[in-house]
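Paired with chain B in one complex and with chain C in the other, chain A is shared by the two complexes that follow.
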Partner chain A sequence: MNENRELQLEEVQGVSLWKDAWRRLLKNQMAVIGGIIVLLFIVIALFAPVIAPYSYEEINFDNPQINQPPSLAHPFGTDGLGRDLFSRVIYGSRVSIAIGFVTGLVALFIGVSYGAIAGFVGGKLDEMMMRFADILYSLPYMFFVILLMVIFGRNFIMLFVGIASVSWMTIARITRGQIMSLKNNEFVEAAKSIGASRRRIIFRHLIPNALGPIVVYLTLTIPSIMLEEAFLSFLGLGVQAPMTSWGLLAAEGKGVITTYPWQIIFPGLALTLMLFSLNFLGEGLRDALDPSQKNKL
Partner chain B sequence: MANNILLQVNDIRTVFKTDDGLIYAVNGVSYTLGRNEAIGVVGESGSGKSVCHLSMLRLIPQPPGKIVGGEVLFEGKNLLALSSEELRAIRGNDITFIFQDPMTSLNPFLKIETQMIEGIMLHKKVSRDEARARAIELFHRVGISEPEKRLAGYPHQMSGGMRQRVMIAMALMTKPKLLIADEPTTALDVTIQAQILELINTLRKEEGMSLILISHNLGVVAGMTERIIVMYAGYIVEENTTDEIFAHPRHPYTVGLIRSIPKIHEKREGKFYSIPGTPPNLLNLPDACPFYPRCDRRSDICTKKMPPLATNGQGRFACYHPYEE
Partner chain C sequence: MLRYTLRRFLAMIPTLFVIITVTFFVIRLVPGGPFSREKALPEAVLRNIEQKYHLDEPLWKQYFRYMGDIVFRLDFGPSFRSRVFTVNDIIKRKLPVSFQVGVEALAVALVLGLAFGLVSALYRNRWPDYVFTGVSVIGISLPLFVIASIFILILARWLHLVPVAGWGGFEYHLIPVLSLAWPYMAYITRLTKVGILENMYKEYVMTARAKGLSESTILVRHVLKGSLIPVISFLGPAFAGIVTGSMVVESICNIPGIGVEFVQAAFNRDYTVITGITVVYATLLVVMNFLVDMVYAILDPRIRYK
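== the complex of A and B ==
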């Protein structure tokens, strides 16, 4: 009888702060669902040619094919040129997601390096670097992006460059603040005292410690970048036909919103779903990485 | 004799710029340290003992700090004049530090192993495995059980005493010539303090290192060092062999420090002894003995000029009205 009650002492394993945060994240249902949907969208974007039932650019003027409501053959209906909207939305995810993630990562890279250097070095360099960021901040960013588009032409790469060049400043500020509060920690002094160089201290000792809030902010930046792309495309400054994005699809749909509403509803839904999921994931990450903030307003 | 000198500090001065003016943290400290010698540096909080030793390796934050003068000769090289690369080659290699607070001196995001071998990998041509082997050996010697497992762990899984052992082991990785321990036991409870001090002492003798032990506690320093330097307001006010300091303290401040050590056999009524007053504000320090407001032997001259640090036998002291031998 005693055999059943034998003590089961589990050995305590080495748990890093990241693993710990990961465990907390998995407990947050909304964040996990958000994460799964984001992953799903990424898979869809990667395998668009395999998944999409039709080509995104094939125009079909046969009479019954134009502006069809959703049906079995065309789950999201067709647009004014007879193109399958379902396929268009799937292909559109490629541009939207690529812009969101690639630009987000570029902004992350620039912002973190810039902010970390300014925060760590401090003094005059910090002043100069942050004032420069302030100037960029104060420019109306849409105007700035539009200007870039006009000067360099409406090309796809410029869309990345334009949005990235206005998205990194907030990340830089957050990083700078983090680094400034961390750099007076004793472990930084300890690292200096063993002969570590500045670069090593910034990138190996400080940035990992500051990454929590930065990652959280990134998950909230990506949706805003996707919205900006949608907005630019909506204005006609973004992606060019026949390639498409969710924002462009919505722009095309807006003209016929009263007559063929599905043409704006489906791309809008896709965009909304993606943004919601990213936001839930971001919230979950914030709670997981900084448990003391949980349930605080 | 000259060959036996490891470190010679000449007139080092450090100030901090603040909005209110200059803070004179270190005001011309000079002393020498021999090979295999252990000295203690004693003083109240704010006496400049930490800043002075951080300044030697240019570890104070600059700005606001600024080393305005002096030289620090380590094996003949002036540390204050080296390029930052040359200095980095000495930091953590020939001279290592043990800091006060083991709870915050380890990076919470990096594995113990990564932090243990960081220094030796930077300075010596050793493989990861060799560095690891050295770390395991040192963990054994500082009394950390199951070193392999500990190396794979993170700082938050260890107690304060354990972390300080890790810090000590880390400081010994490169077989330094000089170990500077800045209040290594302040953050630990008393029973652990004794163990840690004993450990530092044993390892120092085994490895043939010189040791500078910085503390505000004369008692801590007494058992471990051959010589003691007493600092006050950024000045050295007295220096002598450990035995002499306790037997014949000359400076009133040293006398006060010794009197304020509680003695276990003494019957007492009322409060413990403490030196009246507080340390002076280091902002715009006047040219006067900084201790005179708290001193019961003061006279007019004490307020007019800082007494020179006079050599006396083996020792030195800076006072116009010293206690007699």
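== the complex of A and C ==
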């Protein structure tokens, strides 16, 4: 998110839309708090080795260390192998956040290119491309992600590819709609008249102008991607040990929920806090960039 | 209406065709094949097994055999891992359990969501509105396994009202159904509230009021009917979400349903079971979307002429 922010700050000079949006965003307290928490989580993830008091894989079988409830030495308690849960939640944030943001960007790239081409070219090609997206849309996509994970092995890269391959359709639709409404504007005519190529018109003129709603939707896509990662890891089909993520930590705590509930509560809380913050930030951005959408679902 | 029904019905066919084709070919992309083990099987044994499952035939022949079996005999073939059960056996045994949980969750979400939405709209900006809005915000943003954990901790561990996990009588349904229903109840609450508020001041409602109808008649017959449309169109995605969510809930509550079976098959790389369950679920989903579209067209005649 911080990248986005910096981008906006730089563009503020002279571009009143972004300046306006930025001011509106700062007025929205929930969005600001959400943004701060998201930034905090990103800092924690980046500096995990410095912040975490213990190593995330340090096993400690000394009897009093296993399944300890939260204490001063172990703020979130310890797990069945005597590992410090606080450190594991900190390290888990790395995978969860990385997957959310990287997959979000991949989905953004696919969706924007696909939607822009369909919207700009129009006609038969547009109809075919959107029909294809519609069919993909109606599939139970989680099953296909699981299918992909089964076939190509449960590794990190496939997790990105699998989730990205089902997350781009809505972005494609939004982009297409934007492009269609923009493509008959004068500035496109002007670009055409000086002989700009199709590709140049799409990527240099149309997409930058359609960016507002796309950015908004991206910030709402990232939490849903993080949720999907947690879902897969919770079922044991996502991230594999010794790597860990919030979903996987919760899965490990699942079996002992009645005896050592903190083992599922803390990873769950971390994920929940992150999702809440991202959603508030996303909704704030939507209200800021596109006030006409305010109060809609 | 008949033409619209027919058109929507025929539109299901290419979707189902794509689903079966994609699952069939995707699963054949697997390097090695379903019977490659750490320790290689003797050549002759492998050939025998492949012959038994028709894996020695050319791909297009296997494809038409698979497609034909499904279309004409509803037969998903044998399970590659279990010698006793076919895919059909597994689906027949496990689907009803998941179906029951799913339908109950959908019903709870619909009933509570409509009720909460109605109350929120009628008591807008007073405490019932705030309570239900809070309840729905929590339902929308919490991951399903956190919701289920909260229910297990509160209802089972601290209050001892229901068993922690397992499957059986009514007391076993409470946690999985409530956790599955909550997020969709939350959405339905919001949709209902917004819908009612939007319709409350429309001209046709004023007409009804001018005719001297009672407030409750206006609410039920006029306002509610108009505001139900977004709720109905949400039922398709809600069904899809409940189907996927059932994997998590079944695994956390130890329910012998098809969601857990699917995850297990994914672990065991039991390809026919995976494809079979995917096709069954996709079909259910497509049929559900069809039904939703039909109800939609009945409630809103404009949609038929688009």
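Keep this in mind: the second predicted complex is superposed on the first by the 275 of 297 C-alpha atoms of A that agree within 3 Å, B and C clash if a C-alpha of one lies under 4 Å from a C-alpha of the other, contacts with A are read in each partner's own complex, and residues count from 1 in each chain.
FYI, a residue touches a chain if its C-beta (ideal position, glycine included) is under 8 Å from a C-beta of that chain, and two chains touch if they have at least 3 such contacts.
If you're wondering where the values come from, they're calculated on a predicted model, not measured in any experiment.
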{"item": "Simultaneous placement of chain C and chain B on chain A, clash or fit", "value": "fit"}
{"item": "Of chain C and chain B, partner touching more chain A residues", "value": "C"}
{"item": "Chain B versus chain C as contact partner of A:Leu237, first or second or both or neither", "value": "second"}
{"item": "First (chain B), second (chain C), both or neither touched by A:Gly123", "value": "first"}
{"item": "Contacts of A:Ala190 with chain B and chain C, given as first, second, both or neither", "value": "first"}
{"item": "Touching partner for A:Leu147 - first (chain B), second (chain C), both, neither", "value": "second"}
{"item": "Which of chain B and chain C A:Asn279 touches, first, second, both or neither", "value": "second"}
{"item": "Touched partner set for A:Pro208, first chain B, second chain C, both or neither", "value": "first"}
{"item": "Nearest Cα pair across chain B and chain C, whole Å", "value": "15"}
{"item": "Chain A contact footprint on chain C (complex, rising order)", "value": "14-15, 18-19, 22-23, 26-27, 29-30, 140-146, 149, 152-153, 156-157, 164, 190-191, 194, 240, 243-244, 247-248, 251-252, 262-263, 266-267, 269, 274, 277-278, 281-282, 285-286, 289"}
{"item": "Sites on chain A touched by chain C in the complex", "value": "135, 138-140, 142-144, 146-151, 227, 230-231, 234-237, 247, 250-251, 254, 257-258, 261, 264-265, 268-269, 271-272, 275-276, 279, 296-297"}
{"item": "Partner chain A, residues of chain B touching it in the complex", "value": "57, 59, 61, 63, 88-93, 96-97, 99-101, 104-111, 118-119, 122-123, 149, 152-154, 156-157, 167, 170"}
{"item": "List of chain A residues in touch with chain B within their complex", "value": "12, 14-17, 123, 184-187, 189-197, 204-205, 208-209"}
